[in-house]
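Look for chain A in each of the two complexes below; its partner is chain B in the first and chain C in the second.
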Partner chain A sequence: MHFGPHLLLAALEGLVTSAVLALTALGLSLVFGVMRIVNVAHGEFFMLGAVLAWAISTAISGHPAIGFVAALVIAPLFVGLVAFLAEWLVLRRLNYNPESTIVATIGMLYIIQQLALTFYGPEARPVEPPFSYRILLPWFGYSGYKLSVVAASAILLVITWLVLTRTKIGLIMRATQYDRETAQAFGIPVERVYAGVFAVGAMLAAIAAVLIVPISQAHYLMGQDPLLLSFIVVIIGGLGSLRGTVVAAVLIGLSDGIISMFFSPTLAKIIATLVVAMVLVFRPQGLFGTAPR
Partner chain B sequence: MRDASPAKTYALHIGVIALLFALNFVLPDYHQGLFARIMALAVFAMGYNLLFGYVGLLSLGHAMFFSAGLYGAGLTVYHLGWGVPEAFVAGVACGALLALVIGLLALRTSGVAFMIVTMMFAQVFYLLVLYFAAWTGGDQGLVIQQASRVVSIGGASFDLTDPTVRYMSALALFAIVLLVTLAIVRSRFGRVLVAIRENEERTKMLGYDTVANKLAAVVASGAICAASGAAYALLFGYVGSNFASIQYSILPLLWVLLGGAATTLGPLIGTLFMYYVTDITSGFTSAYLLIVGVALILLVLFAPKGIMGSIRERWLGWLP
Partner chain C sequence: MADKNGFFDLSKTTLSRRTALKGIAAGAGLALAPGFVRYSQAQSSAPIRIGFQSHRTGIGAAYGRWYEKTSAAAVKAINDAGGIGGRKVELVIEDDGTDPARGAEVVNKFAKQHKTDIVFGTLFSHVVIGSAPAAGENKIPYFVVSEGHHVASTKLNRYVFQPGITDVKSQIQSMAPWIAANAGKKVTQIFPDFAFGYDHRDYLPPALKAQGADVIAQIAIPPTESSFTKYFPQIPAETEVIYHVMVGPAVLTFVKELGEFYGSQRPQLFGFMDSLEATDINSPGLEFLDGSHFWEGSPRYAQPDDSAAQKAYRAAVGIDDNGAAVGDPKDVSTASHMFGCWETLYVVKKAMEDAGYKGPEDRAKLVEATEALKEFAEGPEHPQGPKTFNGKIHQCFGIQNISKVEGGKLKVVHKTKIEDGLYEPEGDYTKQAL
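Let's turn to the complex of A and B:
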């Protein structure tokens, strides 16, 4: 292949990464923005979604599309329930203290990871894609499923944006994010908003995982990379800003895809992580929005 | 932090060291080895505690300081054929230098940003270890041969693979670091660090250079953690990328929280407790991380002050 088609392939792969990353990071960003806490277990909610997708799609026989659709509905709901319980049992009692919640979510990370290892095992397992149509480009064929992941992710992002800006639920969420105490004084049930946001954040990660699992397999350690990349996206994109998150996800996903096509993936990760750490060091206030010190 | 009884405090710490010395002759072989490991890692926890407990800076990247010491010592022995003392110094120097650079950068941030920045730098370090697998051995790691782990001082030679020599070396390092930590905590410098933890703005207003003090604390903490890593490499003869992974940034946090942050003996108690809990439970289940996770959540919910912190609060107000 020549350089042009090679670059196109890298860009397409990067776009798929971006799409999934945008959803995952949006979940992290919502939790970070509204609740002002860092959820270190976010990557494990992603992993849980993927593992559940495998479990559901293998439990249901028949056409792979039936199992996949079932997984797309059930897995996020289950993950949302787990997150809701975690918020209710642990985070609420910590009064959302930033440092305590980090320690607690690290604890959740280990618990979910170990339970996945115990019940799912150390193997990486594939999930069959719901359809296997190949789009033929002049230079190479490309998986139609991968492009549909990009479309699905874009639709979900638009829906989230509409909910946030056009509905009463979104208004309540933004009010809580803007000023928790005033919101409470106006009769907004802040605790219920927090529980809901935490659950929705985890569900977004789970949906992203179900979408990606036919492309990359389900594995109990798969939560680490999305967690770090989501952090990177949230930091570059700015706190709680949906547009920033999407732009940053596309930027990171594309550059990750292109750099790792031409250099070693480890080197790509080193450069990306270092750059973001430097951004955070030299411009923490600008990129963190109005996070309390 | 009352300063009523320096004699009592020193007596307690020397008593703990004497007890550990005596244990060498009592413990069965298996537990002797385990204790040597615990003492070496308790040094790691003490280094972490200096920053987390006393300055209140929560770092999620201390694995890089530990593994800087580990690789600084391990690679110089493995590739350059250095002797044990030189390698140990090299390890500590690597850790201190890295801590200086990281401190200069990361201290520009605070709070949540500090945690994420330290975690990212540690991740970069971890990836670099993997990237240069040709020298570091990557995730396979390197085994340091017994022949290069013999120290000859004067006419006598000590073989670090011998259980008693290993135990005594670990104890020596532990004792030195424990007494150094105690001295730091009781010094003017230590008090300024606590003042920064309690109220940084006010400390600054009183005329203290908080950034310089914090940087000094990061370097001291990094050097102690590197000493632990260097000792670990030389005593147990193995270096591997596993020690640079995020898990080894979280373990010292767990040990310190369990033992009691901002207590001098807490790190030892926490490391000891956690090691024995996992050792005993691993007889029943392989789900060791599950226990770590549950312990973290229970601790942060019900005992945020840890074992020694609770003892200090209830009974012994004079504990340092």
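Let's turn to the complex of A and C:
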């Protein structure tokens, strides 16, 4: 294959990775930004979304698109509910202490993962894409669904941005992020904001998972990679910065796609990790982050 | 440090005659108690305990579940027929998380804590390689059902055996003539980037060369990869056959993306069933495999010429004509590998009875008795087919199936012969000390 089409394929693959990564990392970043909690169980909310998508789409017969749309609505809501309960039952009792919550979310990670293994099983199960259109390029074929994932992700990112910057809920969230105590003094119900943010963060991961599950299957261990990559993205972009998260996700996704196609996937991971190390050394707050108060 | 209270001064602790007599009486009473009587008979009637190192969690979990089902069925059949040497057989299961480090811990646990007679049942090659030294150190026989070439390479130790499933090197050698004659001469290989994949990387090129065909590209894929399109441009345009071996949960993605990449104008495909074990061949996206060929250890779908033994085995394990669990068509088995558990347990039975095995003190005798085995006839104990066993390399050799995907099923189109897969031994375990 010639260089041009080769690069095009690499960029397309990278874009799909970026799209899903941006949504997942955004959830992680939001939770950290507002609550100052490192949610290690974030990848498991992603997995839970995928597993539920499978369960919902197999329960609904008829055209695959019906099941998929149902999954896209129900799975994130359910995951959000699980996260809401986890926040209420566990994190709130720990007073959002940074160290304790890390340990607690590690515990959640194992509980969710093992429950999935027990009730869903060890198999990788596929979900049929809502449509299967193959875009025929002169050099190779490409999945139309994959491109639609990129579009869907972009739309969701814009919506999140609008909510954060143009609505009252967004204003309250930003206020809580900026200064928790002052926000409380102004009558903002900080605990309710925390519960909501934790649920929304998990829902973003679940939406990303439902979008990706027709491409790669639902499996109970699938949460590990997104968690690691999300951390990389969030560290590079700056914890709590929406813009930084998106830019870093596109950067990591594209470089992963291109480097692993022209060199090797291992090299792509090495470079991503190296970038993280460099960012931590020279700009600990991340590319777009502000120094923690 | 002064010993003020005299805790360590033995001269201060006085042992009266009366106390001593009491102690002796109590000891004698214990020895005569019913519990001890039963214990002294243990060697003749207590069950034989087989430590089952199972992939209950981790990437091998789907295999682990079916390995457990098959082994439980084999143990039931053995016990219903009188057990091993008149003793019942009992499986002690421990999860190794499909992880080599935990695998070694589990072997130690079997040897030291559970004190099982043998260890059995491991599939993933990296777990076998990680656990084998522990089996050697504990001098506990370790019967694996792994398919990799590591046992037969004689790089492990004298306590490791693979008597129930043919190794990859032999499988490849026996199938290469068919690939060269029927699929194509220019082959591109796609394999997982770890031990099991390396067996394919190393043994396919010479085996094809001998048939006048060539491997023109080799593409290694990290085992945790979840997206594959980026590897496909490395497949040379003149490729006539893509030879694919994948393991792990991402194989469906692999096939689907291959389908999107090539569409209908694809090269021939030849795959190892390992790619699709525990996966329904009619899953969305797998239509692309229609007309392609697969290696199968034991056919997933019931074949018209199945032997009575094969039918009985399928019924005992509980799989229907489509190779899925009876009553749950979505629960697809790992038919190409799990028969090895059934057959290995019968080899253990034969070897234990030959050795007059009584307990862990006879483990060395069990090793020698296993090494003395020569062949296993096809029948209820070996439903996959006849096998020969080479005691020097601890490896069995059997027939292989090549199946075609046709109408949503796998139909066996070619069966190899045992001779096709024989090779010169690379070493001799029997020269190692016991």
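Criterion: the second predicted complex is superposed on the first by the 276 of 293 C-alpha atoms of A that agree within 3 Å, B and C clash if a C-alpha of one lies under 4 Å from a C-alpha of the other, contacts with A are read in each partner's own complex, and residues count from 1 in each chain.
Basically, a contact is a pair of C-beta atoms (placed from the backbone, for glycine too) under 8 Å apart; a residue touches a chain by one contact, two chains touch by 3 or more.
What you see is a predicted model; the values in this text were computed from it and never measured.
Chemist: Taking the superposition on A as described, I'd like to know which of chain B and chain C A:225 touches: first, second, both or neither.
Modeler: second
Chemist: Considering only the touch criterion stated at the top, classify A:124 as touching first (chain B), second (chain C), both, or neither.
Modeler: A:124: touches chain C, not chain B.
Chemist: One more residue to check, A:235. First (chain B), second (chain C), both or neither?
Modeler: A:235 sits against chain B, while chain C stays out of touch.
Chemist: In the superposed arrangement, does A:266 touch chain B (first), chain C (second), both or neither?
Modeler: both
Chemist: Go through the superposed model and pick first if A:217 touches only chain B, second if only chain C, both, or neither.
Modeler: Once the two structures are laid over each other on A, A:217 reaches chain C alone.
Chemist: Examine A:6 and indicate which partner it touches, taking first as chain B and second as chain C; both and neither are also allowed.
Modeler: second
Chemist: If we overlay the two complexes on their shared chain A, which of chain B and chain C does A:195 touch? Say first, second, both or neither.
Modeler: Neither partner.
Chemist: Contacts for A:277 in the overlay, against chain B (first) and chain C (second): which applies, first, second, both or neither?
Modeler: So A:277 only meets chain B here.
Chemist: Return the residues of chain A at which the contacts from chain B and from chain C coincide.
Modeler: Residues common to the chain A contacts of chain C and of chain B are 114, 117, 266, listed in rising order.
Chemist: If you look only at chain A, which of its residues touch chain C in the complex?
Modeler: 1, 6, 9-10, 13, 16-17, 64, 114, 117, 121-124, 126-129, 134, 136, 140-143, 215-217, 219-222, 225, 257, 260-261, 265-266
Chemist: Along chain C, where are the residues that touch chain A in the complex?
Modeler: Interface residues on chain C, with respect to chain A: 57-59, 61-62, 64-65, 222, 224-227, 229-233, 237, 248-253, 256-257, 260-263, 278-279, 283-285.
Chemist: Given the complex with chain A, which residues does chain B contribute to the contact?
Modeler: The contact residues of chain B facing chain A are 58, 60, 105-106, 108-113, 115-117, 120-121, 123-124, 127-128, 130-131, 246, 250, 253, 257, 287-290, 292-297, 299-301, 304.
Chemist: Please give the residue numbers of chain A that touch chain B in the complex, ascending.
Modeler: Per the stated touch rule, the residues are 38, 90, 93-94, 98-100, 102-104, 106-111, 113-115, 117-118, 224, 228, 231, 235, 264, 266-267, 269-270, 273-274, 276-278, 280-282, 284, 288, 291-293.
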